[in-house]
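Sending over a structure as structure tokens; questions will come in a sec.
Chain naming follows the written order as A, B, C and D, and within any one chain the residues start at number 1.
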């Protein structure tokens, strides 16, 4: 499977699972490092019908290299920022109900911890459920230069996280390749749902 | 795909997703403007098995033009009212759990705002998450002339909304064509679920 | 489709939707009235793999007529009781999460009303959302003669209901044929979920 | 279907249903008793794509017999402990949201009872809904020798249970063969969801 085919299949699967409804969600994979080339989903497309032709190639400034037509996702700069800051090979931005509401609920503290869950071991490098994972929340913005700058600075402060939320906007995660990044989506979405429902079971908690 | 095939495929998909169970839900698309002709799902059919033959053609008064047999949805007049008031090319009425319960919960205030969510940008013309979307709630009625009249008057007062709820009855949304209207269903259903679960996480909120 | 094929297909579909997990759920359709013959799912089978061969034929006393092997559902007598009391052509017993917990929550009052919901119009003979549907709750028992007797007496007192719950055991509904009965399952499961979530949104309600 | 094919098909199905996301979940079936040989899912694989080749054969000490490559699940020792203690023919470890949060909610009391539910009759040997099923909760640990020892001692004290939870880690259940064990997963997951939602409906309960 080419990176474009992989990204298109993943987009359709994530739509089906409720993580990329409407035109939400955008997904990328690094094709080459020198020069930096990234395959990324085009802007504003319905993910349930995405095909390999809907994947664009961009350079390290977020400009489209190929094909000549097509507009990359508005959030291209965030993908580039994450690739550069963390040497990620793939970046996935999902937009689920649970990531949306938890990013709002915990906005006051700038993030929240997920700890003590066995499922954390599915995150790269985590060896024990006793891990304490910080999930930062970045304030949402339509100024992509500003949002990318804030993301870079947040990643500098939190170099060991596996994902973060944008307030009322969803989740970003990544991995060394698409397979690892997709696993991180499954893991983190599971944990967000668990943490959210756990709290609803005991509101005073 | 013909409009009838498109409407039938969309009906089956919406049934599968829990938005048109039983015989609920009705869906339409404008075929021509002069004279006004609308393709619309027939009344009281199981959406899980809907076929192109189950789509009727009606005129601007809601009367069936073709085929000679077949009864249009009881809510045909609402579809016509929305098409005329907003120049919509397609009108979709879904009947989900979340639209049903939110239409009841907020009945006292005649509607509610959804604001600050990135997903709002999936609604036509919305450019920022800072958008404030008013979701009016119309009281339910079996008098379709009265319900259509109330809908017309509500749309005059709220010309910029993207959908509304009928109390304990579900949601209406629309678009310039079926594709846009279907995107609005996905967007609004996501937002209703998010708003509903957000509130359950913090009942005092 | 023969009644057996219809029952088998419906069993697999209801399993997939979470209404007949494990070996729960049992489903029947009247084949002939004089003498009374009913096609019914065999006992203790996994509904996800049910085939037409797994459907038995029983008489009006609940005894197996064909094939000579095979044990009918333990709850055969309830199906017979409902067929006789209401002239039903099909009886469906589902076992969903929402019917289970609502049958427990409202046990003290012997049932609960569902009213004001448009979806009620999907129930046979209901013409307006202003309908007030009583959903009786019968105490569970392993004595099937006793449970059938209690069901008969409950149906005599409530001849116009469309379904009832057995405490912590699920729902029974019916219809003039399998298609109508299956529609009643969809309608009632939707309403139970709506009523249950509505209440969780406002616990003091 | 060979045990390996059965285990692989079950893994894919459980992934689809949200019970084995990421690399979570592990599943085994006894191949022979003398000497003890168990087919078990290999470690750290994506269950959505599991194939028969990904199933390993281990002996009664948890060592891989075939193929020469491949690492068995980290929790192999728990599978062996359960097989030996209970003469189980299959052991299934799922990792659902509801088992995760209930294993945390009830940690203080070392477990909880599920009683009065008809669905309990789907558990082997249970003849009535009046059954009272104890669901023990074992504290999670990365020391598999210690966790296996604690599991053995817990099973000695509770020889009649049908499953147990590991705190914030999911559920173990078993059966005389894969079919019975898979039925126990469906039954217990249904009951955990019912118990969890029941409580959220009435938090003071």
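We take it that contacts are C-beta pairs under 8 Å (C-beta built on N, C-alpha and C of every residue); 3 or more make two chains touch, one makes a residue touch a chain.
Note that this is a predicted model, so its numbers are computed, not measured.
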Inset, instruction - Any chance you could name the chains that touch chain C and chain D both? - result: none
Inset, instruction - With chain centres taken as the means of their Cα atoms, state the distance from chain A to chain D in Å. - result: 31
Legend entry - Inter-centroid spacing, chain C versus chain A (mean Cα positions, whole Å): 44
Legend entry - Per-residue multi-chain contacts in chain D, two or more chains: 200, 203
Inset, instruction - Based on the touch definition given at the start, go ahead and assign the chain network to line, ring, star, complete or other. - result: ring
Legend entry - Interchain pairs in contact, sorted by label: A-B, A-D, B-C, C-D
Inset, instruction - Would you tell me which residues of chain D are touching chain C in their complex? - result: 116-119, 122, 127-130, 179, 183, 186-187, 189-190, 193-194, 197-198, 200-203
Legend entry - Contact footprint of chain C on chain B as seen in their complex: 18, 21-24, 46, 95, 97-98, 100-101, 104-105, 140, 142, 166-170, 196, 199-200, 203
